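Naming follows writing order (A, B, C and D), and every chain is counted from residue 1.
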Amino acid sequence: MKVVVWNENVHEKEIPSVSELYPGGIHGYIKSFLECDDISVTTATLDDADCGITDEVLDETDVLLWWGHAAHHLVPDEVVERVYKHVISGMGLIVLHSGHDSKIFKRLMGTTCSLKWRDNERERIWCIKPSHPIAAGVDETFVLDPEEMYGERFDIPDPEEIIFLGWFKGGEVFRSGCTWTRGLGKIFYLQPGHETNTAYHNENIQRILQNAVRWACPAKKNLPAFCTNPEPLE
Amino acid sequence: MKVVVWNENVHEKEIPSVSELYPGGIHGYIKSFLECDDISVTTATLDDADCGITDEVLDETDVLLWWGHAAHHLVPDEVVERVYKHVISGMGLIVLHSGHDSKIFKRLMGTTCSLKWRDNERERIWCIKPSHPIAAGVDETFVLDPEEMYGERFDIPDPEEIIFLGWFKGGEVFRSGCTWTRGLGKIFYLQPGHETNTAYHNENIQRILQNAVRWACPAKKNLPAFCTNPEPLE
Amino acid sequence: MKVVVWNENVHEKEIPSVSELYPGGIHGYIKSFLECDDISVTTATLDDADCGITDEVLDETDVLLWWGHAAHHLVPDEVVERVYKHVISGMGLIVLHSGHDSKIFKRLMGTTCSLKWRDNERERIWCIKPSHPIAAGVDETFVLDPEEMYGERFDIPDPEEIIFLGWFKGGEVFRSGCTWTRGLGKIFYLQPGHETNTAYHNENIQRILQNAVRWACPAKKNLPAFCTNPEPLE
Amino acid sequence: MKVVVWNENVHEKEIPSVSELYPGGIHGYIKSFLECDDISVTTATLDDADCGITDEVLDETDVLLWWGHAAHHLVPDEVVERVYKHVISGMGLIVLHSGHDSKIFKRLMGTTCSLKWRDNERERIWCIKPSHPIAAGVDETFVLDPEEMYGERFDIPDPEEIIFLGWFKGGEVFRSGCTWTRGLGKIFYLQPGHETNTAYHNENIQRILQNAVRWACPAKKNLPAFCTNPEPLE
């Protein structure tokens, strides 16, 4: 299967601690732990022409991961619409952390996706649906300290599945790992992943994302089905 | 509670049989069976300035019904965004029949909302969630003949609740009555209601819509919650 | 509408602090804040013949609340089956706190309903579905201190709606307010309510239960539908 | 992975046409199209001691398929409880056709699972969730003629996923392919499969069941989690 990791790649160039944590960028780091015998991974960023997200690229992509934060508004609407159409056609989409506020996530959810936030909190994650493929091999509970607090109410449509809940020392809770289907495409949102913290170094987070790309991979991608006017079948 | 019935009001002016079936327009006819002691109903159409859908109107609206078909593209994007924000803030929205392809429904669903269609079919509707408030007093099964066939696959997000399924003589099935929440707003989609047929004359359909406006009425409407950065609570 | 509050009424007789907190028993206390012009409330306990839960009583009951803990095993199976049939027929059921381990709740859920627990924790509850009728007028977040910790994984079927999440100082989270439908009956589970704590004195908890009995009240109750062998309709 | 196909094996011995359609029994026939390089299949019936369903067998079973009809009441309660515990612990369960009325299905659903039925109808099945692994490679719509009509209302808890809807010539509709989770176990119900008809000869039905056993296979099985009383984590 073919995976593309997209990252705006802005903080990496502006905040030294980010590039120290993630020398090849967050995208490069995620690529490093996803790539394996049967998963080939490429990356794309805001620096690429068309954000590196052309129809040619997406035609060949099974699952797209999306990390954005400071530059959501710089992603052209045509790129967003292109991703939207490919998700509807079956491409998997994994939205990471501050990607909750990306154009593409809000486009697919139909809500504001707003939430509460606060830097540098102790987080504890709980797996509440251990039978889900995304939870395979993941600990029942594990700590990320510090991670950015994301708190309810998270303005999302009721997820099809809530796999992880987050607990924060400061008193908040969060639906930290959720799934939806849009068209033929599977979507997974994962809350941890702040640029100045080390979530992507955590073995459980890596396992979750390795599981998620396999879960989101479509059996087959189809062109979107528009309205049709068929003859009676019976 | 205050209800607004919006109708593009295009077919009524172009097709004599439609204005015969619905002399005051589909909007006027729906108003006639919704209005009662505690429900006041007004109407608005594409003919009104701003479609009759200003912030002043929506501030006072508990539930908006939406019928559109030929003129979806003539509804300005600002009107769509205005409705979107009020749904997120808690206004109920009931989308009728060909409104499945309206800008506002697709905006809230995050999918294409495409389906199969064919004129003049015999339809039989089944209630599969009789405990739902929208189903109160509605027959277990009833016939609409003819009605426009709408067939699966209906490209919608998995509904929170499927209350009615449709059976069509020509061999199709359909999720004919479904609910979702977006932000604080409740949404109900009802499939029957073709402009040249008599669905809105049917007592079960009238009962469903009477129930639906009560179900969708918010306890309280709030301004949308944008992201906030609170101090720790604990 | 008619409500019955059932309580095993065991701790009240054995632990002085419980009868001090709830002089007329937990059932009497809950009755005191549910009763109003249009809601008549009676109580029943393990001390009554047939637990006070006969078919005659249930025939007249719109919503049953159930508090049990030490004496789940003393509730006869016939009583459980009687409640089950009435829920299937449309009677609402509200299961309180340690009622998670009652025969009737496990019978309706089809799972073990097991969880983690610990006495005397600080709990903070969050409302994540503020548009739900059960959440009307309830604060976005509120504290119960102390309350018994109930922690995930809570072995329940995925709820139809998760309205409240619980945060505990000791690091746990919980799906603290959830709904399901079984047959024609609506079910609500609410986690707080430990016998030596004061949850039922809390205004938000009282409001939640007042809302819940109205939400769970059936439009109409029907005898259970067994399998039938009808002639073709078409 | 290891699969067990259980069949009461009653009609095969009493109705010649059944044993002609399914010479080795329905269980033997299902085994024949499930078995492949990485799936080993055994069978068990009511004729075996303990129904062939001992703890030793279930400990080694990833997914159990269940076909029953005339002899539901002859399956001992201890066998039902054994299957229940293994599902809660993670074993997948696929319930076939008239298995809707089996003790184990009703035990796990918490409802009556009643429905309408009629022999020898023309059925057309529609796939409404084509992105689901169980739907991979399955036609959008296909016909079974004749098949037993199973009609709504099907008294089941709202499924987590509805993958297939059934249309019947006589006017009924049905949720023909649905999933639930109970404990750690995944459950799939598939409606077609009447003993005197040929559903299991149909390529789409075979594909669905091949997909379903892979979908229901647990990553890992665990002993049931009973209530625990842990120390605070934080």
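Going forward, a residue touches a chain if its C-beta (ideal position, glycine included) is under 8 Å from a C-beta of that chain, and two chains touch if they have at least 3 such contacts.
The model shown is predicted, which means the values in this text are computed figures rather than measured ones.
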Notebook entry, point to check: Most remote chain relative to chain C, going by C-alpha centroids?
Noted result: A
Next item on the list: Between B-C and A-B, flag the pair that has more C-beta pairs in contact.
Entry: A-B
Notebook entry, point to check: Quick one: chain A and chain C, Cα centre-to-centre, how many Å?
Noted result: 37
Check: How many Å are there between the centre of chain A and the centre of chain B, using C-alpha atoms for each centre?
Finding: 32
Note to self: For chain A, give me the residues that contact two or more of the other chains.
What the structure shows: 124, 129-130, 141, 153, 158, 160-161, 169, 171-172, 181, 183, 233-234
Checklist line | chain D - residues contacting chain C, complex | finding: 88, 101, 107-112, 114-118, 121, 151, 153, 155, 157-158, 160, 169-172, 180-183, 224-234
Notebook entry, point to check: Across the complex, what residues on chain B touch chain D?
Noted result: 124, 126-130, 140-141, 152-154, 158, 161-162, 165-168, 171-173, 175
Next item on the list: Enumerate the contact residues on chain A facing chain D in the complex.
Entry: 90, 122, 124, 129-131, 133, 136-137, 141, 160-161, 169, 181, 183-186, 218-220, 222, 233-234
